[in-house]
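Note that subunit A is present in both complexes that follow, paired respectively with subunit B and with subunit C.
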Partner chain A sequence: MIREFSSADVTFIVLAVRWTLILSAIAFAGGALGGLLVALARTSASKVLRRASAGFIQVFQGTPLLMQLFLVYFGLAVIGLPIDPLLAAAVALTLHASAYLGEIWRGSIEAVPSGQTEAATALALSYPHRMRHVVLPQAMRIATAPTVGFLVQLIKGTSLASIIGFTELTRAGQIINNATFKPFLVFGTVAALYFILCWPLSLMARRLEARMRLAVTR
Partner chain B sequence: MTQDAVIMRAVNKYYGGFHALVDIDLTVRRGERIVICGPSGSGKSTLIRTINQLEAIQSGTIIVDGVELTAWGDNVAKVRQDVGMVFQNFNLFPHMTVLENCVLSPMKTRKIPRAEAEATARHYLERVRIPEQADKYPAQLSGGQQQRVAIARALCMKPRIMLFDEPTSALDPEMVKEVLDTMIDLAREGMTMLCVTHEMDFARAVADRVIFMDKGVIVEQGAPDEFFGSPRNERLRNFLGQIA
Partner chain C sequence: MYQFNFGPVFENLDLLLHGAWLTVRLSFLAMILGLVVSLLGAVAKTSAIRPLRWLVDAYVEVIRNTPFLIQIFFIFFGLPAVGISMSPNTAALVALVVNVGAYGTEIIRAGIESIPKGQIEAGRALGLSPVNIFRYVVVVPALRNIYPALTSQFIYLMLTSSVVSVISANDLASAGADLNARTFASFEIYLVLTVMYFLLALGFSTLFGAIRRVFFTYPASR
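The block that comes next holds the complex of A and B.
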């Protein structure tokens, strides 16, 4: 039975936004932790760590996010874990975000002048102290704008979790569309909601970038 | 404690195929002030950077204050605590105030409480004559002031040896003097100093020994009088002719 597209359907779609946000938050938090480790490994003195982290980045930047979702989703069963769409999506997006944030932050760490590390080293500061107090605070300022930009990509990327059956914003739209068959209306609503989530972030990224440029030329 | 401040024996350093330091033998006595000069690429900066292991060496021995530098172990960390360094480009931490720059390593590395570290920092800022700039950020200071902060920051670690890597080369001419005066004060107080610089007036005023390097080799060394008065080596004569 095809029914009308009602206000209850809109409410259902709007409420699904919370799952998109939760998934994005998990992936971003996990990706931030993983990305920091990847970035530190990429810039470390150890050749093994540099190679391993470079390989990790290559794999996740060189394959479609959808394949990563599939592999983790079906891979969970292989290692004996229950097939759970939220867990699979969270793990896959975390790995994905770790690779991209790791690469963004590697560049930011390398953009901090080498004289800073040298001065900190000459002052006898240990590697953890050098990173924590001298290099990372400066790298963070450089990284802020591209990081927010990546967050926008990540939020949009969560829509792929609908394909493994996780009911976030896009999947909610599909469910309603199957019942009402008003694709333009339904997916227009879904797209508008994504836009409302992402647009302020894009604006913020642009502002931060402009401020960064000012700070550099000052 | 009569041991020498720095002993280098048969030190060799390569950058890939480039032989940057060739069989360097050098002994620096405690309290000695040494000026190292030479054309660019002669290895003079590399030489002092091996003393705190900013540059690793491929062969030879370096003993700093009785501690032998080895590639592994805690010796390097120990030596770096006793060796201060001042760079051409100041390398102050731009996201920290002057005071924070000065207390960071004493607090983190030497585990000195904040109040004591700040008192020490203010004492040294006073000595380099910029106590009023303590709460400013490096970008708010002139080049000369930044370099004096860098000297104070190094002194806050209470080093026994100070390395200067072309400390006045990046400065506008009118700021060179204030930095040199600070270094002269330090020399008068008996600090062991190794300075890479082209400021020959400074060398004449404070150096116990001037060293001329070329192509990774110590070509000539001596007290300033004989070094400038009767240079034996032709390359040195050319060099002195060019910078005079």
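The block that comes next holds the complex of A and C.
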């Protein structure tokens, strides 16, 4: 039965934004932790760690996010876990974010002048102290703009979780469209909501980047 | 214990290889048309007509801040409501072109801006003709500057094109989905698909690297 597109439908779609936000937050938190480990491994003295982390990045940046989602989703059954769309989406997006953030943060760590590391070493600071008090705080400033930029990509990426059946913003739109058959209106609304989430972050990333460039040229 | 069964995958490898070919063809078509859209967009952004610039800005911002999945849903399901109907394959190509065009517009605009005025003046001082200045002083250096960004955007486009399988457009991911519906060897199929996409991405980056070496190295270092 096809019914009219009502305010209840709009409310349903708007409320689904919270699942998009929750999934993005989980993936970003997990990706931040994973990304830090990947970035440290990429810049470490150990050849094995550098190779392994480079391979990890290459695999996740060289394959579609959609395939990663399917692999984790069906992979859960392979390792004997119940198939759960939220779990699968969270794991896949975390791995995806770890690879991208790892690569962004590797670049930021390498952009910190090597004299800083040398000075810290000369002061007899151990690796954890050198990283925590000297290198990472400076790398963080460099990393802020591209990290915010990646957050936009991640939020957009969560839309693919709808394909493995997780009800977030995109899937909510599909459900309402199936009931009302007003695709122009429904997907227009969904697109507008994504835009409201992503555009401020894009603007912020651009402003941070411009400020960073000023700081470098000064 | 899970029993791996790669039988159905290898028995139907020809289907997957054909799907891979369709993905390559779709990606290259989208790249070429996307490049045209990007060039037009970048030129329009430098135009003196203000509404035109606003229009291009709006296009770039809307596309870059919404998911590709929603864009393709809008084009395939939404546009017929206003009288524009397309087959899945056409809708897929249109969606990819519209998407990559927005990113490309930004990249090319940055490339044009990266050429310092002094460089053009130097070309003039050396007595180069306007055509040669445009060719050797503006286009080639600008392309060289943006080449890495542009080609990684193209590889990303090829990976993103897997999403067109949701509207049943013909590509590698669709071939995998069809096979999955018949054989249910889901994990094995998607593992092989992932490897195939990875090899395609490697192939693309090798090809782009070769093109760079032929066309974009300085004459002295060739």
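We adopt the following convention: the second predicted complex is superposed on the first by the 218 of 218 C-alpha atoms of A that agree within 3 Å, B and C clash if a C-alpha of one lies under 4 Å from a C-alpha of the other, contacts with A are read in each partner's own complex, and residues count from 1 in each chain.
Here is the rule we use: a contact is a pair of C-beta atoms (placed from the backbone, for glycine too) under 8 Å apart; a residue touches a chain by one contact, two chains touch by 3 or more.
Everything quoted here is computed from the prediction, not taken from an experiment.
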Fit or clash between subunit C and subunit B when superposed on subunit A: fit
First, second, both or neither for A:L66, with subunit B first and subunit C second: second
Residues of subunit A touched, compared between subunit B and subunit C (which is higher): C
Which of subunit B and subunit C A:T189 touches, first, second, both or neither: neither
Partner chain in contact with A:S24 - subunit B first, subunit C second, else both or neither: neither
Touched partner set for A:G157, first subunit B, second subunit C, both or neither: second
Subunit B versus subunit C as contact partner of A:T147, first or second or both or neither: neither
Angular separation of subunit B and subunit C about subunit A, which is computed from CA centres of the superposed model and rounded to the nearest 10 °: 100
Which of subunit B and subunit C A:T43 touches, first, second, both or neither: neither
Distance in angstrom between the closest Cα atoms of subunit C and subunit B, superposition on A: 25
Subunit B and subunit C contact sites that coincide on subunit A, given as residue numbers: none
Subunit A to subunit B touching residues, read off their complex: 113, 115-116, 118-126, 129, 133-134, 137-138, 141, 218
Partner subunit A, residues of subunit B touching it in the complex: 52, 54, 77, 80-81, 83-85, 87, 89, 91-95, 104-105, 108-109, 139, 150, 153-154, 157, 163
Of subunit C, residues touching subunit A in the complex: 2, 61-62, 64-71, 73-74, 77-82, 155, 159-160, 162-163, 165-166, 173, 186-187, 190-191, 193-194, 197-198, 201-202
Subunit A residues within the subunit C interface of the complex: 59, 62-68, 70-71, 74-75, 77-80, 152, 156-157, 159-160, 162-163, 170, 173-174, 177, 182-184, 186-188, 190-191, 194-195, 198-199, 202
